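Presented below are the structures under discussion, each in the form of structure tokens.
Each of the next two complexes has subunit A plus one other chain: subunit B in the first, subunit C in the second.
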Partner chain A sequence: MRVELGEVVFGRDGFCLRGSGTFGEGIHLVSGPVGSGKSTLALLLAGLLTPDRGTVRRQDVKSVLLLLQFPEHQVTAPTVAREAASWGIAPDEVLALAELEERADDDPFHLSRGELKRLTLACAFIKCPDLLLLDEPFSSLDCETKRWVCGMIEERGSGTTIIFSHEQSVLPRVDAIWEMEDGALIGRGSVPGAISSWRHAPAYLTYALERGAQPENIRLSDAREALCRIRD
Partner chain B sequence: MIRINDLRHRGLEIPELTLDARHIAVIGPNGSGKTRLLEVCSGIEEPGTGTIRILGRSPSSLRVGWVGEFPDRTLLFSRVYDEVASTPRFRHQPCPETERMVMAAARMVGIGDLLERRVASLSGGEKVLVALAAACAGEPEVLVLDEADSHLDAVTAKRLRQVVQESPAAHVLWCTQSMDTAAMADCVIFMEGGRVRYSGTPEEVFEILKETCYYPAIWRLR
Partner chain C sequence: MQDPRLRFLSIAVLSLASFLSVWGALGALVWLVVARRRTDAMLQPRVLLPLFAMVGLTALVSAWGGGNGLSYFIRMSVILLLAAWAYAATAEGEALAVAVWAFGNRAGFDIGLIAEMGLAGLGIIREEIEQVGLAMRLKGIRPGLRSIVPLALNLVITEIRRADEIARLLTVRGYTAGGVVCPRFQTSLNEILASISAFLLGLLPALLLRDVFILV
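Entry: the complex of A and B
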């Protein structure tokens, strides 16, 4: 199972995205500044945009799901339970996972920002698609819920998960790092080798690298363990 | 100075709170009442019971600049220039003064190159910067940021912090999920269940929160 970008070029409103690369099974992190093209890349990978040139090929991918940065853009039903059902899954299971059992009959727009995000994330994790694209899954969430999201991402046993994020404190274990810079997709490679060349790394990773530590992965706990190793 | 007494308002319950600090970070779990507190402190909502005095006045009499988390919900105009100009225009400022305020705010936030763009063509983070410029164009006495950094990358978030630091606003109330950002404030308040659980300097509050994930990531590595 993989998604291949072959010399993709996509332009709009003076912005141009360019990129090639293969997203295999595992967890991929795509980071980059605001406006660098992360969301556009997510839409291209999901097949919701067509490149002007080049190809997006999905091999052995039977199901694709994209969670948008702003969850309210994805709401289609008037109650929380019916919103869950609209994803084709049992509402009870979703509400239990999202801890929203008491809100089943509420309007989704009456949920707090974090609750609505939790609802759409729970739907996505239960659907468990082959290709899961998460556009800024951590924004709006408190640190406890970010940890919950990380756990759910890490527990996905198979498939390809691509996270588009600039999160700087709570991140999951990932297999590969990519960066968007001025519309260009740059593959940094597999983790841990990719960490040292990651330009938009969180401050805690940079701190650890500057002191000669070599984190095994990108979580805060990885940075702490690496620092402990060199301090010992 | 911010003084709150006997406040009860839609789940908020704050018997007494006095904050003598310029930059105040408001932190806590989703749904703990942070946004509600910002709304009553900015005059968007009148409290059910109790009083709030900021700079000795009621919030509704102050010039307040508000930057929300979801600018799509608050941006009114289709061109960036018109959005930033809306603050002085709504205050009936003459055209030359409006022009001066727009240019000053755009320069301060660093969005001069976006002024002629369509708002719809901007990324989520760029929209936050436009909302910040519109807030600053009103020369606010109180600048309120409601998780405005949630959708910003590290470089843009740093720019946001610089703008906030340089702002002449007498008070900055900044609700954030970034504890590294909160750690730079003069004062931190931690909310839970509609109440202020802890308030004090960043060192005091984060010492209490040391065993939780509400502790600045970078401090863990010291």
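Entry: the complex of A and C
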């Protein structure tokens, strides 16, 4: 199972995205500043945009799911329970996972953005598609919920998960790091080797690297453990 | 047309002419082709085509019921084109400027503000329809009567909520009624000539009242 970008070029409103690379099975992090083209890349990988040049090939991918950055853009039903059902899954399971059982009959737009985000994330994790694309999954969430999201991502046993995020504090364990720079997709490679060349790395990783530590992954706990090892 | 006053006036007169007779509609169509600059904005065909389809459907129903469906289709299509041009060519603040120019800083400001909010709302609705379309594709929902009706209801509720939020925002900012705007307009000779010709075209069907108010 993999997704291949073959010299993709996509332009719109003066912005140009270009990139090549293969997203294999596992967890990929595409980082980069706001406006660098992460959401556009997500739409291209989901097949919702067609590149001007180049190809996006999905091999052995039977199901694709993209979670948009703004969860309210994904709402199509008048109640929370029916919104969960609109994803083609049992609402009870979703509401339990998102801890929104008591809001089942509420208007989804009466939920806070964080609650709505939790709802859409719960739907995505329960659907468990082969290719899961998460556009800024940590935005609007508190630290506790961010950690819950990281746990859910790490628990996905199979398939390809691509996280598009500029999150700098709570991150999951990942297998590969990619960066968007001025519309260009740059593959940094597999973790942990890629960590040292990651330009938009969180401050705690940069701190650890500066002190000679070699974190095994990109989580805060990995940086801490690496720092403890060199102190020992 | 740079001057929104002449643009709005021409569109109003031509819309009336189109409504009154087929000849008025054809005259308005010719006027639109000649007077509209190539650089003027216009709605995209993918936005216009569903609207034409709705007019066409109504015309068919009218013809099936014994009415003059063809006349209805021609007149409504031209009115639709004029409205599309008016919407696409109107820049932010123009409706407010024209209303204040016409009715003053109190009633004119209120009318202009409502018009501006309405125009902005149309743009937002268009974006929301696109977003809902995207959401449906992501969820694998096929467009149909069962899915369209709740979506349309959602859109209506969202718009009512947005209007309520704007009203609260205006209240918080101390708005009660009226305001101060000093509108400035640029008018060229060509625009004046175009407006006069629109006015003459508008008079034509009023003189030839053969199929006035025949809608069905």
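Note that in this section the second predicted complex is superposed on the first by the 232 of 232 C-alpha atoms of A that agree within 3 Å, B and C clash if a C-alpha of one lies under 4 Å from a C-alpha of the other, contacts with A are read in each partner's own complex, and residues count from 1 in each chain.
One rule holds in what follows: a residue touches a chain if its C-beta (ideal position, glycine included) is under 8 Å from a C-beta of that chain, and two chains touch if they have at least 3 such contacts.
Note that the structure is a prediction, hence the values are computed from the model and not measured.
Asker: For A:Pro33 in the superposed arrangement: first (subunit B), second (subunit C), both or neither?
Answerer: Only subunit B is touched by A:Pro33; subunit C is not.
Asker: Return first, second, both or neither, reflecting whether A:Val75 touches subunit B, subunit C, both chains, or no partner chain.
Answerer: After superposition on chain A, A:Val75 lies in contact with subunit C alone.
Asker: First (subunit B), second (subunit C), both or neither: which does A:Leu48 touch?
Answerer: second
Asker: Answer with first, second, both or neither: which of subunit B and subunit C does A:Phe109 touch in the superposed model?
Answerer: In the superposed model, A:Phe109 contacts subunit C only, not subunit B.
Asker: Is it subunit B or subunit C that touches the larger share of residues in subunit A?
Answerer: In the superposed model, B touches more residues of subunit A.
Asker: Classify the contacts of A:Trp87 with the two partner chains as first (subunit B alone), second (subunit C alone), both, or neither.
Answerer: second
Asker: Which subunit B residues qualify as touching subunit A in the complex?
Answerer: 28-31, 69-70, 72, 117-118, 121-126, 147, 150-157, 177-180, 212-214, 217-218, 220-221
Asker: Name, in rising order, each residue of subunit A that touches subunit B in their complex.
Answerer: So the residues of subunit A in touch with subunit B come to 12-13, 31-36, 39, 69-70, 72, 112-115, 136, 139-147, 166, 168-170, 200, 202-204, 207-208, 220, 223-224, 227.
Asker: Within the complex, which stretch of subunit A touches subunit C?
Answerer: My answer: residues 46, 48, 65-66, 68, 73-78, 86-88, 107, 109.
Asker: In their complex, what parts of subunit C are in touch with subunit A?
Answerer: Of all residues in subunit C, those touching subunit A are 131-132, 134-141, 147, 150-151, 153-154, 157-158, 161.
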